[in-house]
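Okay, so subunit A shows up in both of these, paired with subunit B first and subunit C after.
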Partner chain A sequence: MMTRNFSTLPLVALLTLVSLPLMVMYGFLILDTVTDAPPGELWPDRFTLEHWRFLFDTSVVGNVWQAAGNSLILALSMMVIVLSLSTTAAYAISRLHLPYRRLFLGGILVMHAFPAVTLLIGVFFVLNFTGLYNSMIGVILVKGALMLPFGIWIMKGFYDAVPWEIEMAGVQDGASRFTVWRRLILPQVKPGLVALGVFSFLDGWGEYLLPRILAPGSEMTVLSVFLNELIAGDQLGFDFNLFKSVGVFYTLPVVLLFIIFQDRLMNIFGGGTKG
Partner chain B sequence: MVAPAILLLLAFFFTPVMLTGVFAFTDMSTSTGIGRGSYVVTPTTLRRLGDRGLGADDAEAISAASYAVDEAGLAAARDAGTDAAFLADIEERLTGETFETARDFELALRDLPSAPRSPRALKSAADLFGQSLVNHRFETRDELAEALAAHAPDVAEEMREALTDDAYTGAVFTTENFTRLATQPETGRLIANTALYVGATLSLFNVGLGLFLALVLFYMPKPVTGLFSTLWLLPRITPVVLYTIMWKWFTWEDGFLPILAEQLGLPAFNYMKGSVVTAWMTMISLNGFIGASFGLILFSGALRAIPLQQLWASEVDGASRLQQIRRVILPQLRWPILFVTSYQTLSLLSSYEHIWLTTNGGPGRTTTVWALEAFKTALSNYSGNLEYGLGAAMALVLVVVGLALSILYLRLFRFGDLVGRPRIEF
Partner chain C sequence: MQLHLDNFTKRFDGTAVIENLDLTVNDGEMLALLGPSGCGKSTTLLSIAGIYRADGGRILFGDRDVSNLPSQRRNVGVVFQNYALYPHMSVEENIAFPLTVGKKRPSAEEVTRRVRETAELVHIEELMARKPAQLSGGQQQRVALARAIVRRPDVLLLDEPLANLDAKLRLEMRSEIRRIQLETGITAILVTHDQVEAMSMCDRVAIMNKGEILQIDAPTQMYRAPASRFVAGFLGNPPIVFLDGQTGPAGRFEMAEGLSLPLPSRLAGMPEGQPIALGLRPEHYGAGGGASAAGRVVFVEPQGREMLFDVEAAPGIVLRSIQPVRDDVGIGDRVDWPVDTERLLAFDSEGRTL
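After this line comes the complex of A and B, so read on.
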C-alpha cells in the first residue's frame, strides 16, 4: 500500500466537478421518467407513472414493442453473421497456412483501423446496384460486414492464446483439422465468442445511422429510428420526460447485458471500439 | 473457411471504396440518377445548342412534328377515346401515310366520311399522330442518332453529334468536383472547422480528461474508483440516440442549463444552437465525454501494468505525487497516449453521427465538419438534390487520409509482431 502523501478531498471535489454534467444528465434521466416538474423549474414536485403509459397504449407514441422486435431482429441477425464468419475466418488466419495470409491479416487490420463511416456513400451505391437499398437485409449485411474486421481481429487474439499442443494432440490422434477446430478449439475460445456476441448485439441494438440512411422507406422501423422520430417529429411538443422514458426502455437491455457480461466485455472494450 | 468473410468484406469494404473512387469523378446526382442514363432532347438542349451555333432553321427542323398513321398512333388515339367509326376510317384509308405538316394531315382527316365537325376535335385527333424527337426518351445513343438522321437530315453531322452528347441525361465523367473543392472558399472553412473539432476534442477530452481521470482514479480508494469508472463508462454504452436526447434536454431552452442560468441571472438560450461559441462547446464536450471514457479505459489498463515497486521506490526517495506522475508514470504512458491520439484522430475525423443529430452543423454552417458535409451533400439534405458525385469526392478525400493514417499507425505499432507463422503445416 502506498503512503498518502497527498490530500484526497480536493481531488475528489475536482473529480466530482468534472463529472457533474454526466451525473446531472444520468440522474435526471432516471428521475424524470417517474416524476413531473412544473414548467421552468428544475426539481420535480410530484411522482407519476404517466410517462410509462406508452408501454400499453399505442396511441401515445406508436407501437414500441414492434419497434423493439425489429431492433431485436437486426441485432440478432447481425450477431449471427459476425459470430459465424469471424470464428471461421479468424481460425483460418490464426492457425492455417493460407496463401497471402500476411496480406489478408494486414488488410483486416487496416480495415479495422479504418473509419468505416466514410464508406457509407460507397455502400449506398452498392446497395442501389444490388437492389438491397431500402431493405433491412441490406442494413444487416452492411452492419455485419463493417463489424467483421473487428470480430476477426478479436477472435484471432483468442485463437492465438490457445496452446498449439491441444491442436497437435488432436491431429496426432487422427482427427481432421475441421474436427480439431470444432471439438477441441471452439470450446477453448468460448469466452471470446460470448464477448464478441454480446458486443455485436449491443452494437446492432444501438445502431441508428445505417437503418436511417440505407432503409428510410423500410416497413421495419427499429427502436433507435423510432425514438429519434419522436423528437424530430415535433407533433408531441417537447415532452422530454416521455422521450426519456422511451429512451430508458430502449437502453434497459443494454444496461442489463452490460451488468451480466461486464468483465468479459471490458476485455474487448479496451482495444476495440471507435468513437 | 475464410471465403464467406472475404466475400462480405469485398462487397461492403472493397467495392464501396472502388465506387467512391469512381463516382468521385462523375457529376452523378439526383437529377442524373444512379446507373445508366437515357437520351432526351429537350427544348433546353436546343437552346443550349443554339448558343453553340445551331441555326434557327435546324432547331425548327428538329423540334418540328411530323404525322404518320401507324400502329403506335392508332393505339394512342384509341386510348384517348377517339370516336370508333372515325378511328376505323383512319385505319382503313390512311395507314402507312405520312404528312409533313399539321395542316396537310388535318385536311386529309377532314375528307374522311365519319370525321368530326369541329376543327378543334379534328386538331386534337391529329395531334395524337404527331411524332417529335423533342422530349422523347431514347434508351441508347444509336437510337437517338438514327432518329435524328431520319427526322432532320439537313442538320450538319457535327451538330447532330453535339446534340446527341448534350441529350444524355446520365452522369458523365468529370474532374469538376475536385476543381470545385479546390477553389471554393467553403473548403477552407470546412478544413478549419474539422481541425478545430478534432484538435480540441482530442487534446481536451480524449487525451487530457482521459489521462486526468485515469491518474486521479488510480490513486483513489476503491469505492470511489468504482463509482466514477462506471459513471464515465455510461456515455460509451448509451445508444447514440438517447445520448443526444439527453444533451438536448441539457442544453435546449426549457432544458437544464438554461433554466439554471436563468435562476442565476445568466443569459439563457438554446446553447446547442443559439450561438456559435456555445454550439462549439456543446459539440466538443458531447463528443469528448465519449472519447474521455475511451482514454480512461486504455490509460487505466496501462497504469495497472506499471510495476508497483517503481512507485514504492520513488516514494522511498521522497518524491511527491506530482513528481511521481511526471517522472515515473507519464514516460511509461507514452505508447498508450500515442495510440489513443492516433486512433481517435482517425475516428474523430470521420465521425459525424453525433454532430448530425445535435447541432447539425449549425448555427448556419459554423460547426459543419468535412465528414458531415460529405454525408449531407451525398445522402441527406433538405434541398432534395443529392450530389452523389461531389459527396463521393469529399468522401474519397477522407478515405485516402484514413487509409494513409491507418497504414502509418500499423507501421508505428509494429504490425510485424502481430503476424507470427502457424506451426502446423497443413
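After this line comes the complex of A and C, so read on.
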C-alpha cells in the first residue's frame, strides 16, 4: 500500500458530485421497473411487478428467453473462439520462430485499430456468397474474427512477461514444447485468460450492430436487437417502464460478471503478471 | 560421465562467438568456466544443454554424440541464475516435474521416493508443501538444484547459480553445491564470472576470453602459474599489480617512472632492453623477500583480519600489499617493505608468461 501524501477527500467529493446525475438516473431505472407513477409525476405511487410480465408472457413483447438464449450463444461462442485461438496464436507469436512474425504482428495491430463498421458491406457480400448470411454461425465468425486481434495482442503481452528460463528449464527437464506450454506456461498466464474470457463474453453479450445487420431474421434476434425493437415501432402508448425492465434484465448478467471479476478484469490493462 | 567438446563452434548471425573449442570434463569432475561477460561461457553452457545448436564440431557425453539431440533427450540438469522454479507448483511438484514428463515414467511410489531422497540430500524435506514465492533465495536455490539432479542427469550445468544470493548465503551455498556434487558424483560445469566461486568450488578451472579457453588447471596451480597476463589479472582478490617496464643491466627490471627491482633468478640471464611486465601479488609485497620497494602509503583498507595498503612507489605506480592488521602505518607514511622477487610473475610484450 502506497502512503498518501495528500488528502483524497476533495477528490472523492468531486467524483461523487460529477457522477451524481448518473446515479440518480440508474436509481430511477431500477425503481421504475417495479413501480408505477401517475402521468406527469416523478415519484411513483404504487408498487407493481407488472412490468416484469414479459419474462413469462410472450404476448407482451415476444419471446425474451429466446433472445437471451441467442445472446448467450453468441457470448459463449466469443469466449470459446477468442480464448482458444488467442492462447495458441499469442504463444506462437511470443515464443516461436515464425516466418513473417513481424509482418503478422503489424497486421494484428492494424486490424485491432481498424474500424469494423467500414468492413460491413464487404462482410455482407462474403456471407451472402458463402450462404452464411442470416445465420448465427455467420455472426459468430465475423464477430470472432474482429475480436481476435485484441485477444491475441493482450495474450501476447502476458506470454512476454513469463521468463524464458521457465521454458528452458521445462525443456531441460525433458518435457516437450507442448507439455511445457500446457503445464508450465499456461498457468502463468491464467489471470490473462480469466480476464480475456470475461471480456470477450461481455463483448459478445453487448454486440448489437453485427447481429442486427448480418442476421436480421426473427429467430436469430439477440437481446440488444430485441431491446431496440421495443422502441423501434412507433406504436401509441409506448411503455417506458417495460422498456426499462427489459433493459435491466439485459444488463443484469453484465453487472453480475463485473462484480465477480472486477479485480481480474483490471489485469488486462496491467499487461501481465509479475513473479 | 565424461563430457567432451570436440572442435565445437557456435555462430550467431554469421559471427563466430566460439570457434573450434576443445574441452574435456572428466567423469565426476566439477569444472568452472570462468571469464568476463561476453566471453562465450554461457553460450557454451547453453549449447551443452541443447538450447543452442552447435554450428560445428561435436558434443559427446561419454561415447554418445548428442550434438544433434534436442534438449529433452540429452539428460542434462540445469540450474539457472534466477532458479526458474515453476511458481504455480509446490516444492514437491517442482522436484517431481522432471519425473512426470518424458517417455519412461516411474511409478507414483517411485516418484515420491526419489523426490524425498533428493529433498533430503539438499536439506529441504520440511519445505515440500510450500510454493517458491514462500521460500528464501537460498531455499529456492536448493529446490532448483534438487529439480536438476532428481533425474540423475549425465551432466549438471550451473549457470551463475550464486549470483542472486546475498554474501552470507553465497558462502553457505558454495560449499553446499560442492557437497551435493561430490555426494552424487555427477559431472558438473559451473559458469561464473566470480573467480572466488570458481576456485573454491571446482576441481579445475577453465578461463575463457573472447570465445577461447586460455588455460585449464587446478585452482591453486593456475593461481601460482598463470599462463598469461590475462589469467594472472583475472585471478586473485585483491588483484595483482602489473608493472610495465624493461630489462636493465645486471638482471634488474626498470621502469620509466623510476622504480627498479631485481628480476627473479630464473630470468636473470635475459638480455638488456627487452620490454617486459612484472606481476606483483599483494601477498608478496610486505611479507619478506630479497628486495625492497619504498613508497608512500596512499590508501588503507581495513578488512578485519587483514589490511590492504596502496603504496605509491613512483609517480603513478601504486603497489598493493596485504598484511595482518597493524596500527603503526597510516595514510601518508613512508614505508620500505620487502618484495618477494622469486614469486614475481613476468610477462613478455604479448602477455605470455616468461
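Assume the second predicted complex is superposed on the first by the 240 of 275 C-alpha atoms of A that agree within 3 Å, B and C clash if a C-alpha of one lies under 4 Å from a C-alpha of the other, contacts with A are read in each partner's own complex, and residues count from 1 in each chain.
Throughout what follows, a residue touches a chain if its C-beta (ideal position, glycine included) is under 8 Å from a C-beta of that chain, and two chains touch if they have at least 3 such contacts.
Quick caveat: nothing in here was measured; it's all calculated off a predicted structure.
After alignment on the shared subunit A, the placement of subunit B and subunit C results in a side-by-side fit free of clashes.
With both structures placed on the common chain, the touch criterion links A:Leu184 to subunit C but leaves subunit B unconnected.
In the superposition on chain A, contact is made by A:Ser176 with subunit C only, not with subunit B.
Between the C-alpha centres of subunit B and subunit C, as viewed from that of subunit A after superposition on chain A, lies an angle of 120 degrees, to the nearest 10. Using the contact criterion defined above for the overlaid structures, shared-chain residue A:Met168 touches subunit B and also reaches subunit C.
In the superposed three-chain model, the partner touching more residues of subunit A is B, compared with the other of subunit B and subunit C. Shared-chain residue A:Val255: touches subunit B; no touch with subunit C. By the touch criterion defined above, A:Leu15 reaches subunit B but does not reach subunit C.
The gap separating subunit B from subunit C at its narrowest, counted between C-alpha atoms of the superposed chains, is 7 angstrom. On subunit A, the patch touched by subunit B and the patch touched by subunit C overlap at residues 168, 171, 275.
Across the complex, subunit B is touched by residues 2-3, 5-6, 8, 11-12, 14-15, 18-19, 21-26, 28-29, 39-42, 81, 84-86, 88-89, 91-98, 101-102, 104-107, 109-111, 113-126, 128-129, 141-142, 144-146, 148-149, 152, 160, 164, 167-168, 171, 177, 202, 205-206, 208-209, 213, 224, 227-228, 231, 238, 240, 243-244, 247-248, 250-251, 254-255, 258, 266, 269-270, 273-275 of subunit A. Those residues of subunit B lying in contact with subunit A across their complex are 1-2, 4-6, 8-9, 11-13, 15-20, 23, 34-35, 209, 212-213, 216-217, 219-221, 224, 228, 231-232, 234-242, 245-250, 252, 254-256, 259-260, 262-263, 285, 289-291, 294, 297-298, 301, 308, 311-312, 315, 320-321, 343, 346-347, 349-353, 357, 371, 374-375, 378-380, 388, 391-392, 395, 398-399, 402-403, 405-407, 409-410, 415, 418-420, 422-426. Contacts from subunit A toward subunit C in the complex involve residues 163, 165-166, 168-176, 179, 183-184, 187-188, 275. Against subunit A, the residues of subunit C that register as touching in their complex are 49-51, 70-73, 75-78, 80-82, 84, 86-88, 97-98, 101-102, 133, 147-148, 151.
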